[in-house]
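Below: a set of structures, written as C-alpha coordinates.
Presented sequentially are two complexes of chain A, the first with chain B as partner and the second with chain C.
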Partner chain A sequence: MWLIPDVKVIEKELNNLYNEMDSFLENKIREYSISLLPVNVYEDDNNDVKVVVPISGVDKNKINVEYKNNSLYIGVEKTKDVKDCKLLREERFEGKLERIIELKDIDPDTIKANYENGVLTITMKKKEGLVKKIAIE
Partner chain B sequence: MKNLLRKDFKRPDLFENLRSRMQSMFEDFFADLETTSILKSDFNPVVDIHEDDKNIYIKAEIPGVKKEDLEVTIKDNVVIIKGEKKEEKEEKDRKKYVKECVYGSFERSFSLPEVDAEKAKAEFKDGLLKITLPKKEEEKGKSIKIE
Partner chain C sequence: MRTILPLTDIFERENDYVLISDVPGAKKEGLTIDVDKNILTFKAEVDLNGKKTIYKEFEDKFVYERSFRLGNDINKDKIKAKLENGVLAIVLPKSEEAKPKKIKIE
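Our next item is the complex of A and B:
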(Lines of atoms letter the chains of each structure in order from A and count residues from 1; the text may use other names and numbers.)
(Lines give C-alpha, C1' and ligand atoms only; values in the text may rest on other atoms or scores of the structure.)
Protein backbone atom coordinates (compact mmCIF):
# COMPACT_ATOMS: atom_id res chain seq x y z
CA MET A 1 0.00 0.00 0.00
CA TRP A 2 2.82 2.47 0.76
CA LEU A 3 3.81 2.63 -2.90
CA ILE A 4 0.74 4.60 -3.76
CA PRO A 5 1.51 8.26 -3.15
CA ASP A 6 -0.71 10.59 -1.28
CA VAL A 7 -3.36 12.35 -3.36
CA LYS A 8 -1.94 15.66 -2.22
CA VAL A 9 1.47 14.68 -3.54
CA ILE A 10 -0.01 13.83 -6.90
CA GLU A 11 -1.88 17.08 -6.97
CA LYS A 12 1.24 19.04 -6.12
CA GLU A 13 3.30 17.28 -8.75
CA LEU A 14 0.69 17.81 -11.44
CA ASN A 15 0.42 21.45 -10.50
CA ASN A 16 4.19 21.89 -10.73
CA LEU A 17 4.20 20.22 -14.10
CA TYR A 18 1.38 22.39 -15.31
CA ASN A 19 3.05 25.59 -14.12
CA GLU A 20 6.34 24.64 -15.74
CA MET A 21 4.65 24.01 -19.06
CA ASP A 22 2.69 27.21 -18.75
CA SER A 23 5.70 29.44 -18.14
CA PHE A 24 7.65 27.64 -20.86
CA LEU A 25 4.92 28.33 -23.40
CA GLU A 26 4.45 31.87 -22.18
CA ASN A 27 8.15 32.58 -22.72
CA LYS A 28 8.05 31.11 -26.21
CA ILE A 29 5.01 33.20 -27.10
CA ARG A 30 6.68 36.34 -25.75
CA GLU A 31 9.86 35.59 -27.72
CA TYR A 32 7.81 35.07 -30.83
CA SER A 33 5.77 38.25 -30.50
CA ILE A 34 8.92 40.30 -29.89
CA SER A 35 10.53 38.75 -32.94
CA LEU A 36 7.61 40.01 -35.05
CA LEU A 37 8.27 43.64 -34.16
CA PRO A 38 11.62 43.99 -32.40
CA VAL A 39 12.74 47.36 -31.11
CA ASN A 40 16.10 48.92 -30.25
CA VAL A 41 16.27 52.06 -28.11
CA TYR A 42 19.46 54.11 -28.00
CA GLU A 43 20.37 57.08 -25.88
CA ASP A 44 23.44 59.31 -25.88
CA ASP A 45 24.85 61.93 -23.54
CA ASN A 46 23.23 64.81 -25.45
CA ASN A 47 19.76 63.67 -24.39
CA ASP A 48 19.10 62.28 -27.86
CA VAL A 49 16.92 59.19 -27.93
CA LYS A 50 16.62 57.00 -30.98
CA VAL A 51 14.20 54.13 -31.52
CA VAL A 52 14.90 51.68 -34.35
CA VAL A 53 12.23 49.25 -35.58
CA PRO A 54 12.83 46.99 -38.59
CA ILE A 55 9.60 46.52 -40.58
CA SER A 56 9.77 45.00 -44.04
CA GLY A 57 7.70 46.00 -47.03
CA VAL A 58 5.04 48.15 -45.39
CA ASP A 59 3.34 51.20 -46.84
CA LYS A 60 4.24 54.37 -44.93
CA ASN A 61 0.54 55.02 -44.27
CA LYS A 62 0.21 51.70 -42.46
CA ILE A 63 2.60 52.78 -39.74
CA ASN A 64 1.24 54.72 -36.80
CA VAL A 65 3.46 56.39 -34.22
CA GLU A 66 2.07 58.18 -31.17
CA TYR A 67 3.43 59.52 -27.94
CA LYS A 68 1.11 59.56 -24.97
CA ASN A 69 1.14 58.73 -21.27
CA ASN A 70 4.95 58.78 -21.19
CA SER A 71 5.02 56.00 -23.77
CA LEU A 72 5.73 55.60 -27.43
CA TYR A 73 3.09 53.64 -29.36
CA ILE A 74 4.06 51.95 -32.58
CA GLY A 75 1.33 50.31 -34.63
CA VAL A 76 1.85 48.54 -37.94
CA GLU A 77 -0.51 46.80 -40.29
CA LYS A 78 1.25 44.21 -42.39
CA THR A 79 -0.45 43.10 -45.56
CA LYS A 80 0.51 40.76 -48.35
CA ASP A 81 -0.65 41.12 -51.89
CA VAL A 82 -1.04 37.62 -53.18
CA LYS A 83 -3.38 36.85 -56.01
CA ASP A 84 -4.50 33.40 -57.06
CA CYS A 85 -1.27 31.76 -56.09
CA LYS A 86 -0.55 28.42 -54.60
CA LEU A 87 1.24 28.72 -51.31
CA LEU A 88 4.39 26.65 -50.98
CA ARG A 89 5.77 28.18 -47.80
CA GLU A 90 4.42 30.78 -45.42
CA GLU A 91 6.47 32.33 -42.63
CA ARG A 92 5.65 36.02 -43.00
CA PHE A 93 3.16 37.55 -40.61
CA GLU A 94 0.03 39.26 -41.84
CA GLY A 95 -2.06 41.51 -39.63
CA LYS A 96 -1.77 44.19 -37.00
CA LEU A 97 1.19 44.54 -34.68
CA GLU A 98 1.64 46.94 -31.81
CA ARG A 99 4.41 47.83 -29.40
CA ILE A 100 4.33 50.19 -26.45
CA ILE A 101 7.65 51.45 -25.11
CA GLU A 102 7.83 53.46 -21.94
CA LEU A 103 9.98 56.55 -22.53
CA LYS A 104 9.74 59.12 -19.79
CA ASP A 105 10.55 62.84 -19.91
CA ILE A 106 10.44 63.21 -23.68
CA ASP A 107 9.76 66.54 -25.32
CA PRO A 108 6.90 65.60 -27.67
CA ASP A 109 7.68 68.48 -30.06
CA THR A 110 11.04 66.96 -30.95
CA ILE A 111 9.74 63.56 -32.08
CA LYS A 112 10.51 62.76 -35.70
CA ALA A 113 9.88 59.53 -37.58
CA ASN A 114 11.35 58.23 -40.80
CA TYR A 115 10.80 54.99 -42.76
CA GLU A 116 13.60 53.96 -45.07
CA ASN A 117 15.03 50.67 -46.30
CA GLY A 118 12.45 48.81 -44.26
CA VAL A 119 13.51 50.44 -41.02
CA LEU A 120 11.41 52.82 -38.97
CA THR A 121 13.59 55.29 -37.09
CA ILE A 122 12.13 57.60 -34.47
CA THR A 123 14.30 60.31 -32.95
CA MET A 124 13.45 62.55 -30.02
CA LYS A 125 15.00 64.65 -27.31
CA LYS A 126 14.71 64.27 -23.60
CA LYS A 127 13.46 67.26 -21.65
CA GLU A 128 16.28 69.18 -20.11
CA GLY A 129 16.42 70.80 -16.74
CA LEU A 130 14.18 68.31 -15.03
CA VAL A 131 16.29 68.35 -11.94
CA LYS A 132 14.99 71.03 -9.64
CA LYS A 133 16.73 71.71 -6.44
CA ILE A 134 14.50 72.76 -3.61
CA ALA A 135 15.92 74.84 -0.84
CA ILE A 136 15.07 73.88 2.70
CA GLU A 137 13.58 76.75 4.54
CA MET B 1 6.74 2.41 11.10
CA LYS B 2 4.56 4.68 9.05
CA ASN B 3 6.98 7.56 9.47
CA LEU B 4 9.88 5.47 8.38
CA LEU B 5 8.21 4.54 5.18
CA ARG B 6 7.21 8.10 4.51
CA LYS B 7 10.82 9.15 4.70
CA ASP B 8 11.77 6.66 2.05
CA PHE B 9 9.08 7.80 -0.19
CA LYS B 10 10.69 10.05 -2.79
CA ARG B 11 9.21 11.61 -5.88
CA PRO B 12 7.45 8.79 -7.66
CA ASP B 13 9.06 7.49 -10.84
CA LEU B 14 5.77 7.89 -12.57
CA PHE B 15 6.07 11.69 -12.50
CA GLU B 16 9.74 11.74 -13.37
CA ASN B 17 8.91 9.65 -16.38
CA LEU B 18 5.97 11.81 -17.38
CA ARG B 19 7.96 14.98 -16.85
CA SER B 20 10.87 13.86 -19.01
CA ARG B 21 8.56 12.58 -21.72
CA MET B 22 6.65 15.85 -21.87
CA GLN B 23 9.89 17.78 -21.82
CA SER B 24 11.27 15.88 -24.78
CA MET B 25 7.96 16.22 -26.57
CA PHE B 26 8.09 19.99 -26.21
CA GLU B 27 11.74 20.14 -27.16
CA ASP B 28 11.06 18.19 -30.34
CA PHE B 29 8.16 20.41 -31.20
CA PHE B 30 10.14 23.64 -30.78
CA ALA B 31 13.22 22.19 -32.48
CA ASP B 32 11.03 21.79 -35.54
CA LEU B 33 9.88 25.38 -35.29
CA GLU B 34 13.41 26.62 -34.80
CA THR B 35 14.68 24.99 -37.97
CA THR B 36 12.16 27.07 -39.86
CA SER B 37 14.03 30.01 -38.34
CA ILE B 38 11.01 31.71 -36.84
CA LEU B 39 12.28 31.38 -33.30
CA LYS B 40 15.99 31.49 -34.01
CA SER B 41 17.95 34.00 -32.00
CA ASP B 42 20.20 35.09 -34.90
CA PHE B 43 18.82 37.22 -37.67
CA ASN B 44 17.22 35.08 -40.32
CA PRO B 45 14.73 36.43 -42.82
CA VAL B 46 11.20 35.06 -42.91
CA VAL B 47 10.14 33.88 -46.33
CA ASP B 48 6.96 33.24 -48.28
CA ILE B 49 6.98 31.17 -51.45
CA HIS B 50 4.09 31.15 -53.91
CA GLU B 51 3.58 29.76 -57.35
CA ASP B 52 1.22 30.18 -60.24
CA ASP B 53 1.21 28.52 -63.65
CA LYS B 54 4.16 30.46 -64.96
CA ASN B 55 6.32 31.56 -62.05
CA ILE B 56 7.55 30.86 -58.59
CA TYR B 57 7.66 33.90 -56.31
CA ILE B 58 9.88 34.24 -53.27
CA LYS B 59 9.36 37.09 -50.83
CA ALA B 60 11.87 37.57 -48.02
CA GLU B 61 11.75 40.15 -45.25
CA ILE B 62 15.22 41.61 -44.89
CA PRO B 63 14.82 45.01 -43.22
CA GLY B 64 17.79 47.30 -42.67
CA VAL B 65 20.14 45.49 -45.03
CA LYS B 66 21.91 47.34 -47.82
CA LYS B 67 21.63 46.10 -51.37
CA GLU B 68 25.42 45.63 -51.47
CA ASP B 69 25.24 43.30 -48.49
CA LEU B 70 22.72 41.02 -50.15
CA GLU B 71 23.39 38.20 -52.56
CA VAL B 72 21.00 35.92 -54.41
CA THR B 73 22.27 32.93 -56.34
CA ILE B 74 20.50 30.17 -58.23
CA LYS B 75 22.24 26.91 -58.94
CA ASP B 76 20.73 23.55 -59.77
CA ASN B 77 17.24 24.79 -58.90
CA VAL B 78 18.37 25.88 -55.47
CA VAL B 79 17.95 29.51 -54.55
CA ILE B 80 20.34 30.88 -51.95
CA ILE B 81 19.73 34.19 -50.20
CA LYS B 82 22.81 35.34 -48.35
CA GLY B 83 23.71 38.56 -46.62
CA GLU B 84 24.65 40.43 -43.56
CA LYS B 85 22.58 42.68 -41.36
CA LYS B 86 24.90 45.22 -39.83
CA GLU B 87 24.28 47.52 -36.94
CA GLU B 88 25.38 51.06 -37.75
CA LYS B 89 28.68 51.91 -36.16
CA GLU B 90 27.33 55.07 -34.62
CA GLU B 91 24.55 53.01 -33.05
CA LYS B 92 26.85 50.27 -31.85
CA ASP B 93 28.67 52.63 -29.49
CA ARG B 94 25.56 54.18 -28.08
CA LYS B 95 23.98 53.29 -24.83
CA LYS B 96 21.10 50.92 -25.35
CA TYR B 97 18.37 50.19 -22.97
CA VAL B 98 16.17 48.10 -25.12
CA LYS B 99 17.85 45.65 -27.43
CA GLU B 100 15.67 43.19 -29.27
CA CYS B 101 16.87 43.55 -32.86
CA VAL B 102 19.26 40.89 -34.04
CA TYR B 103 22.18 41.37 -36.38
CA GLY B 104 24.67 39.18 -38.16
CA SER B 105 25.10 37.20 -41.32
CA PHE B 106 22.40 34.92 -42.58
CA GLU B 107 21.81 32.38 -45.28
CA ARG B 108 18.69 30.60 -46.44
CA SER B 109 18.31 28.19 -49.28
CA PHE B 110 15.29 26.68 -50.99
CA SER B 111 15.15 23.88 -53.43
CA LEU B 112 12.59 24.46 -56.15
CA PRO B 113 11.15 22.61 -59.10
CA GLU B 114 12.76 23.24 -62.50
CA VAL B 115 13.20 26.99 -62.99
CA ASP B 116 14.77 29.10 -65.69
CA ALA B 117 17.61 30.76 -63.79
CA GLU B 118 18.51 32.98 -66.76
CA LYS B 119 15.16 34.73 -66.68
CA ALA B 120 14.94 35.16 -62.92
CA LYS B 121 14.36 38.66 -61.58
CA ALA B 122 14.99 40.13 -58.18
CA GLU B 123 13.75 43.37 -56.68
CA PHE B 124 14.62 44.86 -53.29
CA LYS B 125 12.50 47.62 -51.83
CA ASP B 126 11.67 48.72 -48.27
CA GLY B 127 13.51 45.72 -46.88
CA LEU B 128 11.41 43.27 -48.90
CA LEU B 129 13.18 41.06 -51.43
CA LYS B 130 11.02 39.74 -54.26
CA ILE B 131 12.37 37.09 -56.57
CA THR B 132 10.43 35.94 -59.61
CA LEU B 133 11.51 32.67 -61.14
CA PRO B 134 9.92 31.52 -64.39
CA LYS B 135 9.17 27.83 -64.51
CA LYS B 136 10.85 25.84 -67.21
CA GLU B 137 8.42 24.60 -69.79
CA GLU B 138 8.15 20.91 -69.50
CA GLU B 139 9.88 19.16 -72.31
CA LYS B 140 7.46 17.34 -74.46
CA GLY B 141 7.78 13.63 -74.22
CA LYS B 142 9.47 12.23 -77.24
CA SER B 143 7.90 9.11 -78.53
CA ILE B 144 10.19 6.49 -79.87
CA LYS B 145 9.16 4.40 -82.72
CA ILE B 146 9.47 0.72 -82.26
CA GLU B 147 11.23 -0.74 -85.16
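Our next item is the complex of A and C:
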Protein backbone atom coordinates (compact mmCIF):
# COMPACT_ATOMS: atom_id res chain seq x y z
CA MET A 1 0.00 0.00 0.00
CA TRP A 2 1.28 3.45 -0.92
CA LEU A 3 1.12 6.27 1.49
CA ILE A 4 0.36 9.34 -0.52
CA PRO A 5 0.99 12.51 1.50
CA ASP A 6 -1.60 15.20 1.55
CA VAL A 7 -0.96 17.96 -1.02
CA LYS A 8 -1.02 20.48 1.79
CA VAL A 9 1.81 18.66 3.55
CA ILE A 10 3.94 18.76 0.41
CA GLU A 11 3.15 22.43 -0.04
CA LYS A 12 4.18 23.12 3.53
CA GLU A 13 7.42 21.20 3.11
CA LEU A 14 8.21 23.07 -0.07
CA ASN A 15 7.49 26.40 1.59
CA ASN A 16 9.79 25.47 4.45
CA LEU A 17 12.50 24.62 1.97
CA TYR A 18 12.07 27.93 0.14
CA ASN A 19 12.19 29.84 3.41
CA GLU A 20 15.36 28.04 4.42
CA MET A 21 16.97 28.83 1.10
CA ASP A 22 15.92 32.45 1.43
CA SER A 23 17.34 32.88 4.90
CA PHE A 24 20.53 31.07 3.87
CA LEU A 25 21.02 33.48 0.97
CA GLU A 26 20.09 36.46 3.09
CA ASN A 27 22.69 35.48 5.69
CA LYS A 28 25.33 35.03 3.00
CA ILE A 29 24.55 38.46 1.58
CA ARG A 30 24.65 39.97 5.07
CA GLU A 31 28.02 38.32 5.81
CA TYR A 32 29.35 39.65 2.53
CA SER A 33 28.16 43.20 3.13
CA ILE A 34 29.57 43.13 6.68
CA SER A 35 32.94 42.20 5.25
CA LEU A 36 32.65 45.15 2.83
CA LEU A 37 31.39 47.70 5.35
CA PRO A 38 32.68 46.59 8.73
CA VAL A 39 32.01 48.65 11.83
CA ASN A 40 33.87 49.16 15.10
CA VAL A 41 32.35 50.98 18.06
CA TYR A 42 34.45 52.70 20.73
CA GLU A 43 33.88 54.78 23.79
CA ASP A 44 36.20 57.62 24.75
CA ASP A 45 37.09 59.30 28.05
CA ASN A 46 33.93 61.42 28.08
CA ASN A 47 31.74 58.38 27.50
CA ASP A 48 31.10 59.58 23.96
CA VAL A 49 30.37 56.87 21.44
CA LYS A 50 32.51 56.63 18.31
CA VAL A 51 31.56 54.49 15.31
CA VAL A 52 34.40 53.85 12.84
CA VAL A 53 33.79 52.58 9.30
CA PRO A 54 36.71 52.13 6.89
CA ILE A 55 35.48 52.76 3.35
CA SER A 56 37.91 54.30 0.91
CA GLY A 57 37.30 56.29 -2.24
CA VAL A 58 33.79 57.51 -1.57
CA ASP A 59 32.47 60.92 -2.55
CA LYS A 60 31.41 62.80 0.63
CA ASN A 61 28.08 63.59 -1.01
CA LYS A 62 27.41 59.90 -1.44
CA ILE A 63 27.57 59.12 2.26
CA ASN A 64 24.26 59.01 4.06
CA VAL A 65 24.07 58.80 7.85
CA GLU A 66 20.72 58.70 9.62
CA TYR A 67 19.50 57.89 13.09
CA LYS A 68 16.06 56.41 13.48
CA ASN A 69 14.31 53.75 15.53
CA ASN A 70 17.24 53.53 17.96
CA SER A 71 19.52 52.60 15.08
CA LEU A 72 22.27 54.24 13.12
CA TYR A 73 21.85 53.84 9.39
CA ILE A 74 24.93 54.16 7.18
CA GLY A 75 24.65 54.11 3.40
CA VAL A 76 27.50 54.75 0.97
CA GLU A 77 27.94 54.53 -2.75
CA LYS A 78 31.37 53.67 -4.02
CA THR A 79 32.18 54.49 -7.61
CA LYS A 80 35.29 53.84 -9.61
CA ASP A 81 36.24 56.62 -11.94
CA VAL A 82 38.16 55.00 -14.76
CA LYS A 83 37.61 55.42 -18.45
CA ASP A 84 39.43 54.53 -21.62
CA CYS A 85 41.72 51.98 -20.07
CA LYS A 86 42.24 48.29 -20.41
CA LEU A 87 41.41 46.43 -17.22
CA LEU A 88 44.08 43.88 -16.35
CA ARG A 89 42.90 42.96 -12.86
CA GLU A 90 39.80 43.88 -10.93
CA GLU A 91 39.43 43.26 -7.20
CA ARG A 92 37.91 46.47 -5.84
CA PHE A 93 34.23 46.76 -5.14
CA GLU A 94 31.91 49.24 -6.79
CA GLY A 95 28.31 49.87 -5.78
CA LYS A 96 26.02 50.61 -2.88
CA LEU A 97 26.63 49.38 0.64
CA GLU A 98 24.64 49.84 3.78
CA ARG A 99 24.74 48.95 7.44
CA ILE A 100 22.31 49.35 10.27
CA ILE A 101 23.64 49.27 13.82
CA GLU A 102 21.41 49.32 16.83
CA LEU A 103 22.59 52.06 19.21
CA LYS A 104 20.23 52.75 22.04
CA ASP A 105 20.19 55.71 24.42
CA ILE A 106 21.94 58.11 22.09
CA ASP A 107 21.20 61.82 21.87
CA PRO A 108 20.43 62.22 18.13
CA ASP A 109 21.17 65.97 18.22
CA THR A 110 24.82 65.32 19.04
CA ILE A 111 25.60 63.00 16.12
CA LYS A 112 28.49 64.23 13.99
CA ALA A 113 30.05 62.52 10.98
CA ASN A 114 33.47 63.05 9.48
CA TYR A 115 35.12 61.44 6.44
CA GLU A 116 38.90 61.51 6.29
CA ASN A 117 41.59 59.25 4.81
CA GLY A 118 38.92 56.86 3.64
CA VAL A 119 37.51 56.39 7.12
CA LEU A 120 34.02 57.44 8.16
CA THR A 121 33.86 58.40 11.84
CA ILE A 122 30.54 59.07 13.53
CA THR A 123 30.58 60.47 17.06
CA MET A 124 27.66 60.99 19.41
CA LYS A 125 26.87 61.57 23.04
CA LYS A 126 24.88 59.28 25.22
CA LYS A 127 21.59 60.58 26.54
CA GLU A 128 22.17 62.62 29.66
CA GLY A 129 21.16 61.08 32.90
CA LEU A 130 22.10 57.59 31.79
CA VAL A 131 25.52 57.68 33.32
CA LYS A 132 25.02 57.78 37.03
CA LYS A 133 27.65 57.38 39.62
CA ILE A 134 26.36 55.59 42.67
CA ALA A 135 28.11 56.40 45.87
CA ILE A 136 29.00 53.43 47.99
CA GLU A 137 27.82 53.84 51.54
CA MET B 1 50.85 43.34 13.81
CA ARG B 2 48.48 41.82 11.31
CA THR B 3 49.13 42.35 7.62
CA ILE B 4 46.23 43.12 5.33
CA LEU B 5 46.43 42.66 1.57
CA PRO B 6 44.74 45.66 -0.03
CA LEU B 7 42.35 44.97 -2.90
CA THR B 8 43.82 46.34 -6.10
CA ASP B 9 42.68 47.12 -9.63
CA ILE B 10 45.23 47.26 -12.42
CA PHE B 11 44.69 49.19 -15.63
CA GLU B 12 46.70 49.67 -18.76
CA ARG B 13 46.63 52.96 -20.64
CA GLU B 14 48.45 53.99 -23.76
CA ASN B 15 51.54 55.30 -21.98
CA ASP B 16 51.37 53.72 -18.53
CA TYR B 17 49.96 51.17 -16.13
CA VAL B 18 47.93 52.21 -13.07
CA LEU B 19 47.57 50.34 -9.78
CA ILE B 20 44.65 51.43 -7.62
CA SER B 21 44.47 50.05 -4.09
CA ASP B 22 41.93 50.48 -1.34
CA VAL B 23 43.82 51.45 1.82
CA PRO B 24 41.24 53.09 4.12
CA GLY B 25 42.91 54.70 7.12
CA ALA B 26 46.33 55.02 5.47
CA LYS B 27 48.03 58.41 5.70
CA LYS B 28 50.92 59.90 3.75
CA GLU B 29 53.04 59.63 6.87
CA GLY B 30 53.64 55.96 7.41
CA LEU B 31 53.23 55.06 3.75
CA THR B 32 56.27 53.70 1.95
CA ILE B 33 56.63 52.57 -1.65
CA ASP B 34 59.83 51.04 -2.91
CA VAL B 35 61.09 49.24 -5.96
CA ASP B 36 63.74 46.61 -5.43
CA LYS B 37 64.93 44.99 -8.64
CA ASN B 38 61.63 44.20 -10.31
CA ILE B 39 59.42 44.10 -7.23
CA LEU B 40 57.32 47.10 -6.22
CA THR B 41 56.18 47.00 -2.59
CA PHE B 42 53.97 49.41 -0.73
CA LYS B 43 53.38 49.41 3.00
CA ALA B 44 51.24 51.54 5.27
CA GLU B 45 50.74 51.36 9.00
CA VAL B 46 47.24 52.09 10.20
CA ASP B 47 45.94 52.78 13.69
CA LEU B 48 42.20 53.35 14.03
CA ASN B 49 42.05 52.34 17.65
CA GLY B 50 39.71 54.20 20.00
CA LYS B 51 39.95 54.42 23.78
CA LYS B 52 37.70 51.59 24.81
CA THR B 53 36.38 49.01 22.39
CA ILE B 54 32.69 48.22 22.68
CA TYR B 55 32.12 46.25 19.52
CA LYS B 56 34.69 45.06 17.00
CA GLU B 57 34.34 43.68 13.48
CA PHE B 58 37.71 44.64 12.03
CA GLU B 59 41.30 44.76 13.20
CA ASP B 60 42.05 48.38 14.13
CA LYS B 61 45.84 48.26 14.22
CA PHE B 62 47.45 46.69 11.20
CA VAL B 63 49.79 47.05 8.25
CA TYR B 64 48.76 47.17 4.61
CA GLU B 65 51.31 45.46 2.43
CA ARG B 66 51.34 44.26 -1.12
CA SER B 67 53.99 43.56 -3.75
CA PHE B 68 53.83 43.46 -7.51
CA ARG B 69 56.33 42.15 -10.01
CA LEU B 70 57.03 44.78 -12.64
CA GLY B 71 57.52 43.97 -16.29
CA ASN B 72 60.61 45.08 -18.21
CA ASP B 73 58.53 47.61 -20.09
CA ILE B 74 58.26 49.98 -17.12
CA ASN B 75 60.37 53.08 -16.57
CA LYS B 76 61.16 52.60 -12.87
CA ASP B 77 62.61 56.09 -12.45
CA LYS B 78 59.33 57.77 -13.26
CA ILE B 79 56.90 55.93 -11.00
CA LYS B 80 54.47 58.29 -9.28
CA ALA B 81 51.98 57.78 -6.46
CA LYS B 82 49.02 59.64 -5.02
CA LEU B 83 47.02 58.95 -1.86
CA GLU B 84 43.51 60.36 -1.60
CA ASN B 85 40.56 59.35 0.58
CA GLY B 86 42.21 56.05 1.40
CA VAL B 87 42.81 55.19 -2.24
CA LEU B 88 46.39 54.74 -3.36
CA ALA B 89 47.08 55.24 -7.07
CA ILE B 90 50.48 54.27 -8.43
CA VAL B 91 51.28 55.25 -12.00
CA LEU B 92 53.90 53.15 -13.77
CA PRO B 93 55.00 54.82 -17.03
CA LYS B 94 55.95 52.56 -19.90
CA SER B 95 59.52 52.83 -21.13
CA GLU B 96 60.02 54.68 -24.39
CA GLU B 97 60.58 51.42 -26.28
CA ALA B 98 57.34 49.99 -24.96
CA LYS B 99 55.16 52.94 -25.88
CA PRO B 100 53.10 52.56 -29.00
CA LYS B 101 54.63 54.45 -31.88
CA LYS B 102 52.85 56.18 -34.63
CA ILE B 103 54.60 55.90 -37.93
CA LYS B 104 54.24 58.87 -40.15
CA ILE B 105 53.22 58.05 -43.66
CA GLU B 106 55.20 60.05 -46.10
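The rule we apply is simple: the second predicted complex is superposed on the first by the 95 of 137 C-alpha atoms of A that agree within 3 Å, B and C clash if a C-alpha of one lies under 4 Å from a C-alpha of the other, contacts with A are read in each partner's own complex, and residues count from 1 in each chain.
Please note the rule applied: a residue touches a chain if its C-beta (ideal position, glycine included) is under 8 Å from a C-beta of that chain, and two chains touch if they have at least 3 such contacts.
Please read all numbers here as calculations on a predicted model, not as lab measurements.
Colleague: With both complexes superposed on chain A, which partner does A:Glu13 reach: first (chain B), second (chain C), both or neither?
Modeller: Once the two structures are laid over each other on A, A:Glu13 reaches chain B alone.
Colleague: Just to be sure I read the superposition right, which of the two partners does A:Met21 touch: chain B = first, chain C = second, or both, or neither?
Modeller: The first partner, chain B, only.
Colleague: Could you look at A:Lys50 and tell me whether it touches chain B, chain C, both or neither (first, second, both, neither)?
Modeller: both
Colleague: So in the superposed three-chain picture, is A:Asn61 touching just chain B, just chain C, both, or none of them (first/second/both/neither)?
Modeller: Neither partner.
Colleague: Please determine whether it is chain B or chain C that touches the greater number of chain A residues.
Modeller: With both complexes superposed on chain A, more residues of chain A are touched by B.
Colleague: Share the list of chain A residues that count as touching for chain B in one structure and for chain C in the other.
Modeller: On chain A, the overlap between the chain B and chain C contacts is residues 34, 38-44, 50, 52, 54-58, 80, 82, 84-93, 115, 117-119.
Colleague: How about chain C: which of its residues touch chain A in the complex?
Modeller: 7-13, 17-18, 20-27, 48-58, 60, 84-87
Colleague: Which of the residues in chain B come into contact with chain A in the complex?
Modeller: Contact set of chain B toward chain A: 5, 9, 11-12, 15, 18-19, 22, 26, 30, 36-39, 46-52, 56-57, 59, 61-66, 91, 94-102, 110, 125-128.
Colleague: Over in the complex, which chain A residues touch chain C? Could you list them?
Modeller: Residue positions touching the partner: 34, 38-45, 49-50, 52, 54-58, 80, 82, 84-93, 115, 117-119.
Colleague: For the complex, give me every residue of chain A touching chain B.
Modeller: It comes out as residues 2, 5, 9, 13, 17, 21, 24, 28, 31-32, 34-35, 38-44, 50, 52, 54-58, 80, 82, 84-93, 101, 115, 117-119.
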